[in-house]
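The following pair of complexes shares a single chain, chain A, combined with chain B in the former and chain C in the latter.
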Partner chain A sequence: MNEHVLKIRNLRIESVAGTTLVDGVDLTVARGEVLGLIGESGAGKSTIGLASMGYARAGCRIVGGTIELEGKELRSLGAEGRRDLRGTRIAYVAQSASASFNPAHTIMRQVCEIPVYHGLMTRAQAKAHAIELFRSLGLPEPEKFGEKYPHEVSGGQLQRAMAAMAIAGKPDILVFDEPTTALDVTTQIEVLALIKKIIWEFGTAALYITHDLAVVAQVADRIMVLRGGRTVEMGTCEQILSAPVEDYTRLLVAERDVHHSLVSDALVDAEKTVLEVDRVNAAYGSISILQDVSLTIAKGETLAVVGESGSGKSSLARVIVGLHSATSGSVRFEKKTLDPNCRNRSRTDQQGIQLVHQHPDVSLNPRQTIGNIIGRPARFYGGLSGRALKQKITELLKMVGLPENFAVRKPGTLSGGQKQRVSIARALAANPALIICDEPTSALDPLVAQEILELLVRLQRELGLSYLFITHDLGIVQRLAHRTLVLLKGEVVSIGATREVFSPPMHPYTQKLIESVPAMKTNWLDGVLAARADRTAREEPTAA
Partner chain B sequence: MKSSLQRPPLTAIIGLVIVATFLLLAIFGSYIAPYSEFETVGETWAPSSAEFLLGTDNLGRDILSRIIIGAQMTIGIAVTCTMLSFVIGTVVGLAASVASNVVDQIFSRSVDILLSIPVLIFALIVLSAFGSSMPVLILTIALIDAPRVFRVARALAMNVRNLEFVETAWLRGESRWWLMTREILPNILPPMISEFGLRFCFNFLIVAGLSFLGLGIQPPSADWGGMVRENGQAITFGISAPIWPALAIGLVTIGINLVVDWVLSMNARPSGASAEL
Partner chain C sequence: MRLFKNVITRMILERVMLGILTLFAVSVLIFAATSILPGDAATAVLGQGATPETVKAYREELGLDRPAIVRYGDWLAGVVQGDLGTSLTTRQPISDSVIPRFENTLFLAGFAALIAVPLAIGLGIIAAINEGRLVDRVANIVSLGAISVPEFFVAYLLILFFAVKLGLFPTLATVFPEMGFFDRLYVTILPVIALIMIVTAHMLRMTRSAVLSVLSQPYIEMAFLKGLRRRSVIMQHALPNAAAPIISVVALNLAYLIVGVVVIEVVFVYPGLGQYMVDAVSKRDLPVVQGCALLFAATFVAVNALADILSVAINPRLRRSRH
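== the complex of A and B ==
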């Protein structure tokens, strides 16, 4: 059992421009063992994952070290030799299943491609094998599932189909690159359970790449913490979680542990309602997306809106800011009913509600300087110019914790967290009463996200802002929100003080959401699955 | 990306040299040319000699001088046409991207109709109806080209229009003109510039083609397409006269394409390296 399937020694990878991406990384994976690679973006996780297949992305070069797969040195094999190993001895499961499937072919055709291409099976055998895989992966109607096209199945099912595709060639080692990051927490559980099952049943070794320590704790035997292309720490799962040696690892572990609330109710002015949404219905064509949604936000208050993707969270925000018209119901801001179309609203109404988007990369115009970006609302609404405008820009930068000289830089030179700070500064420049934050931290690394959250809380305290905070991360909600609204398929399942919403008795859906958030302990997944199986056994059996 | 900026590939250097040479000819042609473009200086279709490096044409004019001076006319008209068509096409394309769906549909479908008319036939009809003067020629070619520019500009602008920073500006209440010029245009400029090179080539060939058909630049002004036509007969006698202007047309086209390829490859990402080790 102690035989090493994959052995990487002193791996060095550089970009074409000469920057070092991975620096002297050693790792081994034994048969049947799962090694978790964890780190923030830019840590080199994916680069190492791809390098274990002897592959480097365009713009990267493997410049040193050895990569041995079952004793074969991949770098000395030719391109042909490596191609023979890929898919049959080593396979890759990417983050975005929807981007990895060709939408023009059926799933069956793509799952059968590897065994047929490598001559392992005839097409008929491959098909039969695929149907077996679909069945063991718990996909609905395994005989017919393969005839569907990628867009006809859900994200979770597609991710499972991709796992089927990866194991179709019966590889010795699987590389999972953030396979659950794009999924909802409730779907994430299913995929995680499945990955565990595959590893256990097929006895394959695996590299599991993720930025989420709690997720990797569920599947990995050992964890390797990476930062800036170097190994920070390596140890067994239990050791990393309970007794981290390095400071950086300790920070990572601590990040999730913060369960005390960052906000207090003292600053909420419950008398003063800032926003009132009253029985709003909305639809895209004939598909209803919001049904009778009502909510209120008081001055200085944070209302979190949680739900899975497709629950209508973002649509609610679009209705409030006036990008999408409600079919019925009203939105009142500071006691005035707002026009459904943002363009027909008065300046003061446009100014009063600001939106902070999810993706800092596309929410700032790459061709404008930071000074222009955050100065524009001040100029547009406040009529500031010249010296006063310059002063305002400096003041705004200071507020969000950025140095003054950032005003002349362009977004391309900033990190994700810095860009998000600029986004917040731009919203502040309009002097709003309410800021709608649409998943402002979900594209950021955990430690950076934590800083952004602290910034938002500080600004709320200093400026008396109200927030409508859209997120799928329940950890954030519990730390940040005074009140919480749980949305399921466009309907309000539960609304109230955060503490009450998340303490029993809960709505079953809220309970499911809470249970699905991975806890930072190794046996959490098994516990949840056991509890779930137990409940299903007691209640009537429901379809997945 | 930086490394490719510092050292352009050989093909790009060749292209740049060709384009620079012809641009210099177009600007300073009348000072460089050994003879006048109109004057008969030798016999009809005299072969190359020390006196007439490329020989003389059907009226005994020096071909080298006419090519040098003709550069100004042919390239000048093509550049003017392309600039005009880019102004029209880009402005309308940007407008369509920020307009309501109905307006966008009206623009786009009208352009589809314009595009369905064959280029040369359209040009021939307009030029024979209004007569071939310089303004009519330039306007006609610009109008033929503008729909093609519109399509590219609109498609690029649509991609940018849906980005969140444009949405933010829209929510702020910015005017459509602001969205077009400040938010979208700067972000579509790099691909539009390489498109400019390609459209220029195309217009340059139309100018030469129309002149060849006798509807372009009118004699006795020297232009390359017209020179090919005037000397076309000579090819049957094995005389090289029509080859030279044709070669000039070909060279400019190739030169610009080489430069455009380089510009396009700089814009493409990720740059450079092979995916394998």
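== the complex of A and C ==
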């Protein structure tokens, strides 16, 4: 019996164009062990995960090294042999359950596919086994659940069904590819608990891929840190978290340090209110999205708006800038009431509030040069042209920490962080008093995000800007925001100084949010789950 | 299951109503278009030399002197009762001569479709499975060639080789009512081959690209990672999701087979509806032209409605909504 389920030696993967994606990576996973792979995008973690199944995406090639699964070398095994092992000895859990289920077939058909296709079970046996799995994973009505189509069940249920699909062939090792990245913190906990349960109950080994060190610390026995396709550091969970050797790992560990606040109250001019939103209501058709939302932002202040997806965070931003008209209530900017519709607002009103979007890829026109993108608002609002405009562009680029020669480049040649800097420069070009940042860092890797946050704080200090900062990342809020507003289903649950909002006594929802943020310690998840079970146990007698 | 029936029945009812509405609009267009044509049946039948008096008398006899709106109302009332009016040239009821010819057209189209549709979809899937390999390239080049050649050219080439040089099949596809089924198949074989060559290429290319466009979906990668063969992935996971575009292109080609065969019918002197209509146009037999046009429009609407209903019926997301 081989003690290693998976053994990868000197793995090299190249793109068809010849760039190296993974360079000389070694790893082993013992029976029942969980190895976490962590790194930023482009680190090669997903490529390694797929390579462990002997699979390379279109455009990639495995060019060197050995991949041994259960003692069989996948690269020399041939296509047919590799396929026999997929699903039966090693199975894959993807990031998005809704995208990984075929919309044309029932869930049962897809969960039974591995055992039936590989001849492990008859269809009847596979069905009985699937119902068993549905039951043990806590799906409602396990006997009937499989008859549903993927669109007929909730996202959380589909996530469970995907787990059932992966373990249906009784594999020895599972590959989890960022299974919680797209989820809210509150949902993330449930999925993490589910993954722990699967690993524990079925005794499978796992390769857990993520960019979030705090998340992987909850499930992994050992962690491997990757960067640019190479191994940076490998060690046990405790060692990586408490005594990282490499600088890069140290940066990753420090990233979640919420006690280190980036802002001080000294620069906030509480006397001078920049924005005042008063009992705003808004709806899409007959569906109400904001109910009596009121807030104020002072000069030099950052107000964070937090809540899970669907809570109305982005709608609030759209109402403030006038892209979506409120049904009642008022928005006052620098003591002047703004028209609900941005088309009826004067140019100076529009100039004062600028927006930085979540995805710089989408919000920057790929056909324009950076100079054009930044120069347009400067020309439109500031009336600059010629040499003055050129000077302004250079100045703006310098302000956001980009070299002068970027003015002639196009967005396609920039990295995600650089693009977001351009977005910020574009907002600054209008010379605004308030910038609304709609999750500006959620599409970025942790360390790049950190740099963007530091840039925003520096600009605030230098220019006296106010920010309305929309995010679902409470770690950012605690470091960045003077005050915080918690939004739940369009209603303000709590608003006040960040420290007060997040210290007891808290609103139950705020408490749930703050508990859901993974901490940089290994036993955090167990603690939260235990505390929850404890609370339910205490509440039940009173309910009965 | 009740829900499934309800959604489908509602959809069918909706489509039928819409179809009738479309046909009504088409009837107005057809009538208006034939009314603004220069000259009318009276001048056409009587010829250039007729005196104004005879033309006037003939017009009154045909009822052409009445206002257009009245004539339209009469015509529509007749159509609703299945009466397409009387041919100006033969003085026979149009319905009597249109129906057998329409049947002939349907026979030709049906024969061609029965071979072309499975052939096109099958080859399209094979091309998709072997993307980039020899089979795929050959299918691509041949189908591109077939699309580029005009249909009458294909028809004359077929006649030249199979009828004139080899003498295997007749040059003219003459059919008559008393003819046996297999004789019919035999004489129509050349026009059917010509039709197949034209429509297969289009459907093949659409099937291939519809299947390939689904392959970038994450659930396809998931199917590969479950250890399925490429063939199984395409047949079981890609094809069901590519069905909607395939169905609509098949419908388009079926409608073309019925409506667009005019050229082929004329080349092979096949007594179908298209040839009849071309004939009527040259004789200025406007009621016949109107009748044929309406029949073609009805076919087009019916085939497309059928395709829409089928697309919904096979899509679980539309068939079974969450509630």
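Some notes on this structure:
Please note the rule applied: the second predicted complex is superposed on the first by the 529 of 544 C-alpha atoms of A that agree within 3 Å, B and C clash if a C-alpha of one lies under 4 Å from a C-alpha of the other, contacts with A are read in each partner's own complex, and residues count from 1 in each chain.
Here is the rule we use: a residue touches a chain if its C-beta (ideal position, glycine included) is under 8 Å from a C-beta of that chain, and two chains touch if they have at least 3 such contacts.
Everything numeric in this text was worked out from a predicted model, so none of it was measured.
Of the two partner chains placed by the overlay, neither chain B nor chain C lies in contact with A:507.
Judged by the number of chain A residues each one touches, B leads among chain B and chain C. In the superposition on chain A, A:113 contacts chain C only, with no contact to chain B. Looking at the shared chain after the overlay, A:55 reaches both chain B and chain C. In the superposition on chain A, A:322 makes contact with chain B only, not with chain C.
Within the superposed three-chain model, A:398 lies out of touch with both chain B and chain C [touch as defined at top]. Legend: residue contacts after superposition of the two complexes on their common chain; A:279 is shown touching neither chain B nor chain C.
Of the two partner chains placed by the overlay, only chain B lies in contact with A:75; chain C stays clear of it. Once chain A of one complex is fitted onto chain A of the other, the partner contacts of A:100 are limited to chain C, with no touch recorded for chain B.
Comparing the two complexes, residues 55, 57 of chain A contact chain B in one case and chain C in the other. Of all residues in chain C, those touching chain A in their complex are 217-219, 221-229, 232, 236-237, 240-241, 314-317, 320, 322. Every residue of chain A that touches chain C in the complex is listed here, in rising order: 50, 53, 55, 57, 83-88, 91-92, 94, 96, 99-105, 113-114, 117-118, 149, 151-152, 165. Interface residues of chain A facing chain B in the complex, by the touch rule stated above, are 16-17, 54-62, 75, 79, 321-323, 342-343, 345, 347, 350, 355, 357, 359, 362-368, 376-377, 380-381, 426, 430. Put simply, chain B touches chain A in their complex at residues 2-3, 163-174, 182-183, 186-187, 270-277.
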